[in-house]
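Presented sequentially are two complexes of subunit A, the first with subunit B as partner and the second with subunit C.
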Partner chain A sequence: MQRASVPYFLILPSFLLAAVIILWPLKEIVSLSLHDVNRFGMLKDFIGLEHYRSLFANPDFIAATWRTLFWTAAVVIGTLIVSVPIALILNEDFYGRGIARILIMLPWAISLTMTAIVWRWALNGESGMLNSALRDLGIINTNIQWLAEASTAFPMQILIGILVSVPFTVTIFLGGLSSVPEDLYEAAATEGAGRWDQFRLITLPLLKPFINIAFVLNTIYVFNSFPIIWATTQGGPANSTDILVTYLYKTAFRMGRLGEAAAVSLIMFAILIIFTILYVRLAMREEKQ
Partner chain B sequence: MMIRKLSLLAGLSLLAFSGGAFADTVRVTIAEYSKGTGPYFEEAAKAFEAANPDTKIQIEVVPWDSLQQKLTTDISAGANADLSIIGTRWLLDYVKEGIIAPLDGNITPDFKARFIDTFLTPSVMDGKVYGLPIAASARAMYYNKDIFAKAGIDTPPATWADFKTSAEKIKALGTETYGFGLQGKEIETDVYFYYGLWANGGEIVKDGKSGLDSKAAIDTATLYKSFIDGGLTQPGVTSYSREDVQNLFKQGKVATVITAPFLSGQIKTEAPNLNYGVAPIPAGPDGGKGTYGVTDSIVLFENSKNKEAAWKFLDFLFTTEQRTKFDKIEGFLPVNAEEAKDPYFADNADLKVFTNLLPNARFAPVIPGWEDIAQTTSNAIQKIYLGQGEIEPTLKEAAAKINETLK
Partner chain C sequence: MSKKLKRSILFWLFLSPIVVVILFPYAVMAISSLKSATEVLNPTWWPDELHWQNFPEMWRTSGIASALANSLYVSGLSTALTILVSIPAAYALSRYQFAGRNAFRQFLLISQMLSPIVLVIGLFRLVAGAGMIDSLNVLVIIYTAFNIAFCVWMLQSYFSTIPRDLEEAAWMEGASRTRTLFTVFLPLAVPAMVVTAIFTFINAWNEFVIALTMLRTEGSYTLPIRVFSLVAGRYTVDWHYVMAAAFVASVPVAILFAWLQRYLVRGLSIGAVK
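Take a look at the complex of A and B:
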């Protein structure tokens, strides 16, 4: 056996496994998306790109696509902005830090669907906790019907999205912060650098790889996140809070249009892949500089 | 000792294995209507197995919301059960694909005579019986007697015009209670709209065309919108699903809700002090009336290898004794004529209102793509409720889309 081919032989088993798990379903979905398919996944006529054409002519789908991009960007960026200060605070040594850490991590321990259902109750217009809290505080004097229309429902869904993404992100950042050597700060302090300069010139650059990984992973999770929107509004009223996953679920399992649903999932897959590749290349180029 | 135990276990499992291979196993997919559903079917299966020792019944309980998804996935993988509960409104989509076996070969005139005709008819297609009504329900108006009395109204509203006057009186009480509990979210949002549509003399589908652009539909949308704009419904109707409106009713925040018989049972346990009555859904200006009748069917799949055993279990489930037990647990309407004579149903004032409405009950029309049409309708009326669409153009657009589906 030649030396050069050894690595390939060694990765062959895992490659085959990956192929069976990823490539085979992918091939199935591609073939679904190119055929006329009945409700039960039986292939009928080959119709080429017809499903894609009808999707791009469907204003609900286009709107859901833009909304998904907005949803992903808002939740991911929001999460990063909230998580950095939280991680910095939790990294400090203070009395009760253990409890504070637990409190921040707690939402992670509850299933996403459960959190979303609790929020659905909290946002209920007549008997929801949020309205009664706001009323008691004197902030509002008529109930706000949070989930009645997209203008109030969607921002709330984004806030819930941020809330549930924070624990994971903070965990990554805490890991990153613990690898920053203490003496760097001491040296900077003797040179006369203030807290802000220390953060800007030491913490942030050293945290960069961790921010990158949090960014990519969160993007993938949030882009595909189903429970929050489904449990609170099911994408309604009138498709106004639909993102691609909820749209996909309705198309496949409510309407029984599996071919079109397969096309939606491939489009989602393509968007994610393009995005990830772009981002990874950008991040790597920066690192080389 | 240990070894003896082990070998005994091995022998037992071998026995169980061979037993499985010889006896017929009938798998049944059951939709979970309430927490009593699973236990009822387990018990029924045991009773059946005791009488038919060479058949094994395997019950699989699925939440109602994911039933359609489970069936779709199971069928496409060829791993479906022998029997399954399905919404009768989906039945045509399944029958068209040749997935469901007709039951006519087994149905004797005696067996057929067990049923109240109204409930069996929806599962009949092209003259063949494709399913048996495992669950039957209709809708009527629950009203809060105390709120009505406080507003000086003695009787439940007979017409929609009466209803509006009553709702205005209730609003005048100034207690943040609302006359019309209007559902505007999730499953059956469209049905809530049909109550008014039928009263106004409209139809969901007429001569193969959507009735959503008819005068009756426009009148209904205008009527409902005037309830919303007049503050006669709970605010933000598009954030209230059926359960949400029922909860408002239990809390005494809305004076009426149109829903199924099972609400009586829920009120009994959750709000026992609520003083309520059940009345027919208000009529239209020309006396038009209508309630929504729903059945779920239990069907036998074409690819079942144990059709005979499965049929026997069906026969067993539809005996008067089993039906009475099940309908009492779930709060459904009796589907067997004999069962309806049981004092539990015959002397129940709430249920009587429902059974009296049955002659006017409309079932979901037998058309392909029912879920598609329901979604389009719900979306259109949500836009109208929110004031995001003019009534006429929104309904016309939805009707055109539905006609496309119906083609």
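Take a look at the complex of A and C:
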């Protein structure tokens, strides 16, 4: 009897903490999203799905949703494409590998907010060092006001997103590569397989579960990423670089429309859950084949 | 030329574009932090005169000292608390079979998908309802809660790799279960605890949106909020001070991280395989 209760006793503190901090706010958000709410957060009448209806009729929200999907896809896919060759190189033995690893990992150690603030300064039109560097290299003739327009600001934000996601992704891949047995390559080499064949037939299949993990985790992180866009443009100019998280924050804490903001939260959660379930299904089906 | 040297040159050539792009903002940060107030507006690569006094001036005027103390307090305490509640849970998952085990794992998985930003409105109501806006201890609790899932998952997969024979041998010798836990099991799990601790610390150190929402007075700001407040909503920004502050906020963790980085790769590979 006493034996049987031990594991529950052991998981209790972590369960209680996570439940209070995660489930209670979730319940609160569900109720906010279904009620008329005033600026100070007082619940008024139950209005059903009215907040959701007005969101879907709002072109700013629709634009932010599409932009979020584009942002997530661009950053995650860009990160994976950049990270695979980097991890392959960092897994080899060469002079200065230790330094190379530290340099590639550096953005992970530095707060995203700091990196974003520094980029905001580097992208400044008149005083920014990106313009002066590009001018020195002869790539541009006149200064570009990077953050003044979405057409230049958003690609830059995606670039920053990729740069800060690479370290985590490379780390996962390095972990995966270290589990590939060396003699597999030797065997393949004696069979006459070239470098490319070795990569295609051995490395890539063994790396696949790690690519899956990196894909899912990065998608969740990037989809929810707030500091890059908030610290560079705050979603501006004129909401043209808003993604759902910045839209949510503005709706809640600038405009005080708590009911609508709660609905945005739940829509985001729903998108993530649907994505995860679909992806896990697909990955599992592939494994079976 | 030896084969290794040739390979090294080739690899460095390949890595150099990405290394340049990664280092670019931090070079901008370091250079700008040493320029004078007028020169910082001029995008030169090397300052005419190195303004080391930016650092003491920034230290006095920007309130970064208290922000540094607040960040250390919040990150240190939430790391300790996270490890403290995650170890028993991970131990239960890896060593006991019990009803609800799978439900608990699924609960952790879902809690991982609910990021702080998605829940920020509900969290704000929870904290405001308790009258605890502007409290650093609230941040500690929230950061702990959001790191539990990852820590339990990491620790549990590492715990499962520790052979049971070792513990069973100790029981045979007559050691109690608790004693075995502390003298045999936990010492073997130290590498995994270090990795999860680094993760939690860095997450807490860098967290932005919850701190931005919960902290209202300048005295309680953490580093990211402090530095952000030097930039946001101001008509003129003292960029040389901002860059000096960002530098001070970044360097300690960057050094710690560079030193511990190799453990991370090893730790993550263990966690990811299981």
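List of remarks:
We adopt the following convention: the second predicted complex is superposed on the first by the 267 of 289 C-alpha atoms of A that agree within 3 Å, B and C clash if a C-alpha of one lies under 4 Å from a C-alpha of the other, contacts with A are read in each partner's own complex, and residues count from 1 in each chain.
Everything below uses one rule, namely that a residue touches a chain if its C-beta (ideal position, glycine included) is under 8 Å from a C-beta of that chain, and two chains touch if they have at least 3 such contacts.
Computed from a predicted model, the values in this text were never measured in an experiment.
Considered on the superposed subunit A, subunit B and subunit C are sterically incompatible, since they clash. By the touch criterion defined above, A:V82 lies against subunit C but remains apart from subunit B after alignment on the C-alpha atoms of chain A.
Look at A:N239: by the touch rule set out above, it reaches subunit B but stays clear of subunit C.
Once the two complexes are laid over each other on the shared chain, residue contacts for A:I117 go to subunit C alone; subunit B is not touched. Contacts of A:M42 after superposition on the shared chain: subunit B is touched, whereas subunit C is not. In the superposition on chain A, A:L147 makes contact with subunit B only, not with subunit C.
Using the contact criterion defined above for the overlaid structures, shared-chain residue A:K250 touches subunit B, although it does not reach subunit C.
By the document's definition of touching, neither partner reaches A:I229: not subunit B, not subunit C. Counting the residues of subunit A that each partner touches, subunit B and subunit C differ, and the larger count belongs to C. Of the two partner chains, both subunit B and subunit C are touched by A:E126. Residue overlap on subunit A between its contacts with subunit B in one complex and with subunit C in the other: 41, 126-127, 234, 252-253, 258. Taken in their complex, subunit C has these residues touching subunit A: 4-5, 7-8, 11-12, 14-15, 18-19, 21-26, 28-29, 31-32, 40-45, 84-86, 88-89, 91-93, 96, 98, 100-101, 104, 107-108, 111-115, 117-123, 125-126, 128, 141-142, 144-146, 148-149, 152, 202, 205-206, 208-209, 213, 223-224, 227-228, 231-232, 239, 242-243, 246, 249-250, 253-254, 256-258, 261-262, 264-266, 268-270, 272-273. Those residues of subunit A whose C-beta lies close enough to touch subunit B in the complex are 38-42, 123-127, 142-143, 145-149, 153, 233-234, 236-239, 250, 252-256, 258.
Per the touch definition, subunit A reaches subunit C in the complex via residues 4, 6-8, 10-11, 13-15, 17-22, 24-29, 32, 41, 82, 85-86, 89, 92-96, 100-115, 117-122, 126-133, 159, 163, 166, 171-172, 174-176, 178-179, 209-210, 213, 220, 224, 226-227, 230-231, 234, 245, 248-249, 252-253, 258, 261-262, 265, 268-269, 272-273, 276. The touching residues of subunit B, counted against subunit A in their complex, run 68-69, 72, 75-76, 93-94, 97, 99, 184-186, 234-240, 244, 247-248, 251, 253, 369, 371-372, 375, 378-380, 382-383, 385-386, 388.
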